[in-house]
Every structure is written in C-alpha cells, then in structure tokens.
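Chain lettering (A, B, C and D) follows the sequence in which the chains are written, and residue indices restart at 1 in each chain.
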C-alpha cells in the first residue's frame, strides 16, 4: 500500500514541511490531493467543499495548486508567456480565440508581477528551455502562483538546485502571501527547520507524526526511524 | 521593453509576410495561363493550414484529415446539384457541416495520443470513404458526383476555362481563413494550444481544460478543411471519392511537414513548392515524376530539419 | 524511349495540330496508360506524324489515377495554355466526365480511348469514343448466356463501385430478358485483397454459372485462384466474366485452372485476322508484350483522329472534326467498327470466348460473336 | 454450413498470417526502436521482385527464392539504415515520416522503371496449387503453406529474441541505448541487425503475398495502410501482439465479407477503431 488511512488537516496560512525517506509516499500524497491519482477511499475537502471527485483542472480552479518534482514546463514558451498563459486560464480568457493577446494588458502585467518577487524578471523574455535549472524551478512556482492558490503544494522545490541558490529559493517561498497555506517536500533538514512552521513525517505510506519543528526534533520515533539511525540523504 | 510590447511584437505583420501576400497576386499578371493551377494550390494551402492548426499548434497528428475536406466537397456539390448553385452560401453550409462532423469526431479524437490517435484518424477517414462509396445513389460513387453546376460569383464572375474567377475566389477565401487562423494563434486560445503542444501534462496543473481546447481547435480545423473541400468542388464542378481518400490525407500531411508545421506559413509554402514541383516534374516525365518528388522530400529532411521554414529559421533565428 | 514532350513552340497554329493526351501515367492504373500510349506511339510511327498537311504534336499529362479535379485542370491548361486542337486518352470515367465539360465549353474535339460508362458521350457534343461501353458488352453477354449459352440459373459477383454496378445491371438485364434467372448476387469491396469468402458464398448456392466482374490488374488472377482453391471447376459450374477476368497476366497466374472460363470482350491479341496479326507483331517487336483493350482503344482513337483530319480538309475546329467523325466506318484489328452518328459512340462486334490450351499456351478462343452492337443504354434513351 | 464456417476461419487465418509476415518487421522497428519507417512495404516489394525475377527469368524453384527474398530485403534495409536512417534516430517523428514517405516514392518509381507497371505473374509449384479436402472442407494448399511459414517465423523470432544472449542484447540496446552502451553492447550492430530482421521478414512477406494479392510497382503504397493497422492493433514492439492482431483482423475481415458482404469494406476498419478505443496501446502494447 503506497498511502493509507491519512488524516490530514492544513489550517490556512501555515507553512508545512512534509518529510520522510524516499518511497515514503510523499509525492503520491500530493498526487492524491491534486487529483492526479484517484484514492480508493476517503474524502478530500478544500475549506468546506468536497473535491474528492473533481478532475485536477477543476481543483486548480478552486485554489489548489502544485509544482512538480521534475520540471514539467513549456520549453518553447518564454517565462512571461508561460505565466501569462496560467493567468489567462485562471480568468477563463483562454476560451476566446478572436481577441489578440496584447489586449489582455491586465493579465500580462499580473504575470510580470508574479515573476518579479521570484527574481525571474530579467528572464521574462527568454525561452524556458534556455533558463538555468534553478530559474526553471522558480518558474514552476510562478506557474502555480499564477492560479492564485489558497493551498500551494511544492514537490521538492529545491531538487537539483545547488546549495547557495536553494536558500535564495526558499527566501522567495517564505516571502509569499501570509494567507497562503504552503506544504513542501524537502530532504535538507536545516532548510526544513528554518522555513517550516509545522512538520509532517511520513514513513511507509503512513503519517508517523506531525507537530512543530521542536516537537519533531525531540520525537524519539522520528529520530530512530528517520533522523538518528541511517540518515537518508 | 514593456511586457505587453513583447506580445505586440509577435503580432506585428512582418515585411516578408506582406511581400508574400502581394506576391500571391502575381499570377494574374505574370502567369495568366496558370491560374487554374494557382487556384488548386490556394485550395491545398487552405487545407494544409487547417491541418497546421491541429498538428502544428495542438500536436494532433492526423492521417484522416481528408474526411472533413471530403464532407465539405460533397456538401457543396450536392447543394449545387439539388438546391442552388450560389457559391458563397454553399461555402458557408459546407463549412458548417464539416465543422459539425469535426465536433462530433473530436470527442473521440481528444481522448487518444500517439499511434492510437493517428490510426483512429486514419480509420475514421477510411470509414467515411467507404460510406460515400456505398451511398453511390447519393454521392455518385466511384464515377463521382454528376450535374454539379455553380452559378457565377455574385451572378457576375463566371467560373470559366481561364480560372481567373477560380483563383481570385480561392485566394480571397484563403486569405480570410488565414487572418482568422493568425488571430487564433495570437489569441489566449492560441497560447493555450501552444501550451498543450509543449507539455500536455502541465496544462491541467494550471487549471486548463485541455480536452475542451482540443475539441474546439479540431472543430475549427474541420470547418476550414470543409471550406477548402467546397472550394475545390465549386471551382472544378467535380466531386469524386478521391476527396475522402487516404492519398489526399497523406499528401496534405507531407505538404505541411515539407513546409514546416507550427509556423502558420508552413502549409502555404509546402503547398506551393510541392504542387509546382509535381506539376513541372510530371510535365517533363509523366511516368516517373514521383521519383523526383521522393528525392525532394528526402533532401529536405536531410538538409532542413523541421521542414523548409524550420530549417530556414535555423539560419535566420528570429530574435525572441 | 519515351518521346520528349514538345513544349508549346512558336510554330504557327495552322501547320501543327496539337493533341493533348490525358492519362493515369502514374499510380494504380499506370499500366493501362502505358499500354494505351504504346499503341499511340506505334500508330504514329507507322503512319508518320504529318496528316493532311498538319504536323502532329503530342503533349502528355498525368492525372496520377482517379482525380477529376486534376483532369479538368489539365484539360483547361491544354486548351488555354498549349492551344491543343484535340483532347484524347481518358482511361478512367471520372476524369473523362470532368474533361468533357472543357471539351463542351471550348468546343474541342475529344476522343475517349477507354472510359466505359455509357453517359460519358452525352456530356459533350464534340466527343467520340473508340473503346467500349460496359452495357454494350454485358447486356449482349447476358442475352447470349441465357439463349445460346444454355444457362438458366446464374449467380453474379461484382466489385462494389460504378463500373461493377453497371456490369451487374447490364448482364442481369440481358440474362433476364432472354429468360434466365439470377439466383443470387453479391458485391465485394473494391479494395479486396482476398476473394475466398465470396467464392465460398457463391459455391454454397451451387448455381449453374457464376458471372464475375473485377477491374483489371491484380484482382482477376486473385479471383481465378480463389475459384480454383474452392474447387469450382469451370467445366462443371460455368464461370462467366468480362474479358479482364482472363487477360494475359491473369491467365499466366491462374495456369490451367483458367481453362473453360467463358468471357465476352471486344478485342483479344489472339483474334484471328491479318490486320490483327500484323498489329500484334508490330506491337511485340516494339514493346515485347501483347496489346490489350487499352492498346486497341488508343490505336483506333489515333485512326479516328487521322481519318477526321483527312476528311475535314485542313479544318481543325471541333464542329468540323466531330462532323467528320460521325458515321465513320473502318476495319480495325478487332474487326469492323463504326461511330454511331447520333451517340458518337462506338459500334462493334462482341466476341464470346473460352479459355483453351492452344499449342501449350492458354488463349481466349473466340467461338461465337454478336455483330454491330450499339450501346443499349443510349439506344433506350428518348431522342 | 459448419463446413463453410471452418473454411472461412481457415482462409481468414491464412490471410491474417500474410498480414503478420508483412507487418511484424514494422512492429519491431517502430515499437522497439521508435523509428517511424513508413517505407517498410518497400522492403516487402524488394522481396517480391527478387522472387519474381528468380522464378520467371532464372527458373529457380519457388521455395528456393524465399530465403533469397529475405536476404535481399535484409541487405537493402541494412544499407539504408547504415547510410540514411541512422542520422534520423534523433529527428522528430514527423521528419521520419516525411523521409520514409520520400523513400516509398523513390522505391515505387524504381520498381516501375525496371519492372514496368504490369502485374507480376508468379507460377507457384503445382503441389502448392489447388486444395486438400479434409472433413468435408477444402483447404487451399497455398494457404496451409502460409500458416506453417508464419508459425515457423514466429517461433524462430520469439526464440531468438527472448531466449538467446544476442536477443537480450538487441532488446537492451533498443530499450535504453545509453545504458546498453554502458554495458559494452555494440548498439550500432544491434540496431543494424534489428533493421535487417524487420526488413528481411517484410521481404519474405512480400514474396509470399504475390500468390494471394499479386505484386505491382505500387505495392508499397497499397499495403502500407493494412500493415499500420496490424501494428497499431497488435501493440508496438510486440511480436505476439502482431501475430494475434493479424489473425483477429484476418478472420474478422474474411468472416465479415462472407456473412454480411454489404459490410465488407467497413469491417476491418470498424474492428481496428473498436480495439484501439478499448485498448489504445494495442492488444499487447507495453507503452501507453
């Protein structure tokens, strides 16, 4: 069983870190929440609304966005075009095929405003394919933010990003709006303890324990399974 | 550069585009004896343009696109035979009907990808071809539809031997559909299509209803293909099973890839080069002309990957 | 070698008569065009390329197969650009019908050298046909089968497209009018790589005779083998068909299983006349193979063009040439032929033949014939 | 009536085996090497013309020409793969389509130039003609022969690919080129052999097809559609899939034409569309 009897409650505005050894089912959990995978049983709710049976794109419309562990971007679109596309989809403008893009000044400017805090502004007009790997990871977040989410799920946002740049990446994440609930998967413990306000530990498809960083650090079972003995990379 | 200017820059009509469209008027002056050929090139270019919308811009590879071309041709032909021969209204009805057939089949098409998609489009096309053959009482079967008589355009311009009206009519309709396609490509909907082609997996993650987008572009492409089919039926007053054949679907795919898919002008350029080359080669060597066409295709792929426009773009990279 | 195409030169129109040839030189029907073109070149070689003071010039255009839109454009280009005086060739009905509109509008003399659907010659008053019509052969054959052929019950199987339907209706009409009974009929798909199922179906009805119509090319041989494989012996269950069924390539592939098959046709390379023997010898010398119905259609088409040019005394316009063509009679390698003045279609003899082994070689031996056969469909049309 | 049912199924199976021989090579190259080789039937044509030339002009016995047809087509496909196709492995699918369609055009023109446009007659040996009557049903000798050859080829193919070291190497090279090179496998040789195998089988199929469906210069075009159908329905890269798909399509095509002839032409396409909508990756397709 990859993930079972998960009971999770994410109050608004909290920064969650989801940690656990490889194969603990972290990405699967995100895929379940975002509707990429169908749960066999159980219920997923966003606020009061039950979104268990909604298709992924409908869940995004209701404010549930995600990024991917492996970059899934638009190689031949520029960063600005990609984020603008996400904004236009959110506003439902993508249905119109008779008005030219420059007419949507609002959406384009909003896209620019999303890029700026993630310091992607200077990369705005370059093709995604030509961006540095770290910039592409930031663009993943920009695309998710463009859907104006209430809950943002980041699947190893700093994966493959050199150490110095990942701190900068998480600075940008922590700078996000305060009313935004964020859950990110991360392996680097000092990043986790620095940025997360609450931590969830998953092992073997189950939630082992969840709590504040201090509680988790002090928790014997966590240390025994995850922190103490064979430290996992 | 202000961000909106970036998109404005993309939409701006480049001088080479304007030159191209002016050049399409040259045959009236330079080659009056080739107007029939020019009209059939314009029709094929329109048909290739419709395929470009789904292949170049949405990534749908079709081996059965002639199905909608044929529906348009037969609609226009049957209309002219049984009802009235006025061309423009015939065009509208043919386009609408082809668009409807496109909308219906799009519900199947958008659910599949890769080889399954290609073979389904092939299968649907061949089924329609067989249906037209067995409904020979209506369609005239293999002998083709007889008795198609088209009224002069606006009751003034007769479709005569010299092809002046035929080329003017085909060119204007091509240009109109081109403007619509250009507007689509540079619209939010066009950007969404490019998103689907670039990464279909990401689209749901940004809240995009990919299948709805694909159904819409497939319907629009079917409509334009139907208009192209109607143009052929009207300017030649002939309709035969060949308009629904696998050969025509394969030809238009070759023409589009030759020109370069996903660049709007690929289909137009491909149609000009392919049909002029075929006309000249078969004039010189009626029995083995297709040897030289084969050689042309092989050479283009070797020298200019992604078609002629794709290859040229490598040499004159567009400033992003 | 292929004669080089003479592009529209500066020679003034009076001396040169330009003949535009429209055929499927490439594609699925390429062999029919090859055989027709061979006969045309041979005729010109034997009779010289100058007729009644006119030097002949040929312009060849390829339709690539069934493509009426291309055929119409090529005809228009030949008239407008190359200023041809005669349109000729036309192996396939859809292409002939499309070009007929151009012949009518531009008032150009047009010679159909094969396409066999009846209504073609009604589409332009300047058109004559030197090949055949499907009903001309099959209605005659149906009547013969029920009378002198001695058959009472027949099962018909044809290709499911235009020419196949015409052949089926014509044969059934002739057969029923002569008192015969059609106990079953089936139509197989045009692109039919394998006949076994249909032959089995026919065998289950155990008819006295099976009438089959298939287009030339690979299908006659395939059908013949399927008949043999199903154990249908032509000597017991009589197998009838239009001549394509036992043309040369089909006979070679079927081998002895073809013996006994009865066909109706208007021409065969083994037809016994001096004129035909010379024609076949000259054809073999030039091309190393026997002429077939496409060759005779081309040969007689050229003969008609030469004759009308001589008869119209130097005039090359449509009215003059078609006027001269009406009622023209001549002795062709196939036998006596003439152009019906009303319908401008060919009147000829229909031969009934049986496949027999003659001197170790399988041949269609002509054992009966019906002379001076007009196209029955147009004969029934109100004047 | 039972007799004719068995007869129809038998004929369908034989026709299916013909389709299998013609298409298994493409399933290998398209499926395992992800190379869109629309010119596959051109190799079948090479095999066909080799057999015709050997039997008609050089008087070889029919059976003796079959290995030659296989070898000639295999050689031709290796030459083409080593010189031109190799440069297209990284090209886009569309470019591969355009290139191979170009090759089809050229092969048809060359065939027409050297062999003319006439139907190539083939006189198969007498013991393969006629039919054998068994339990009241007559089975065409040639079709029996076809089924036997197809079963033989399948056995050899499955054995050599699944159970030999060389087979494993070919599958590894095709599955993951980089990894295979890492293990020291000569990937180029593996690709060349795979192509030769695919081309050779097509050649054999082309030679065997003459007796049933004939051979002319346009063969490469006419049978491309049927071969693609078998490969798609069978599932990419799966030899067993091609076998079953060819059998299913052959029998349903034959049965359809026998029991409801008016549906004849539609049936094979309906069966294809039906199966693909039920299983898009094909009956035994691995990749979805």
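Rule of thumb we're sticking to: contacts are C-beta pairs under 8 Å (C-beta built on N, C-alpha and C of every residue); 3 or more make two chains touch, one makes a residue touch a chain.
Remember, it's a predicted structure, so these values are computed and weren't measured experimentally.
Q: Between chain C and chain D, what distance separates the C-alpha centroids? Give it in angstrom.
A: That pair's centroid distance is 36 Å.
Q: Averaging over Cα atoms per chain, report the distance between chain B and chain D in Å.
A: 33
Q: Per the centroid of Cα atoms for each chain, what is the distance between chain A and chain D, given in Å?
A: 49
Q: At what distance in angstrom does the C-alpha mean of chain C lie from that of chain A?
A: For chain A versus chain C, the centre distance works out to 74 Å.
Q: Quick one: which residues in chain A touch 2 or more of the other chains?
A: There are none in chain A.
Q: Show the residues in chain B shared as contacts by 2 or more other chains, in ascending order.
A: Correct list: 130, 133-134, 287-288, 290.
Q: Can you list the residues of chain D that touch 2 or more other chains?
A: 112, 262, 265
Q: Once you draw an edge for every pair of touching chains, what topology comes out, line, ring, star, complete or other?
A: other
Q: Going by the touch rule stated at the top, which chains touch which?
A: So, checking each combination of chains, I get A-B, B-C, B-D, C-D as the touching pairs.
Q: Quick one: in the complex, what on chain D touches chain B?
A: So the residues of chain D in touch with chain B come to 30, 84, 87-88, 91-95, 97-99, 101-110, 112-113, 225, 228-229, 231-233, 236, 262, 265-266, 269-270, 272-273, 276-277, 280-282.
Q: In their complex, what parts of chain A are in touch with chain B?
A: The touching residues are 34, 55-58, 60-61, 65-66, 68, 72-78, 80-82, 84-86, 88-90, 93-102, 104-105, 108-109, 111-112, 124-127, 143-144, 146-147.
Q: Mind listing the chain D positions that touch chain C in their complex?
A: 4, 7-8, 11-12, 15, 112, 116-119, 121-123, 129-131, 133, 138, 140, 142-143, 211-218, 222, 226, 253-255, 257-258, 261-262, 264-265
Q: Inside the complex, what are the residues of chain B that reach chain D?
A: So the residues of chain B touching chain D come out as 55, 61, 108, 112-116, 118-120, 122-124, 126-127, 130-131, 133-134, 246, 250, 253-254, 257-258, 261, 287-288, 290-291, 293-298, 300-302, 305-307.
Q: Could you list, by residue number, the parts of chain C that touch chain D in their complex?
A: 26-28, 30-31, 34, 160, 186-194, 196-198, 200-201, 204, 217-219, 221-222, 225, 228-231, 249, 252-253, 255, 257, 289
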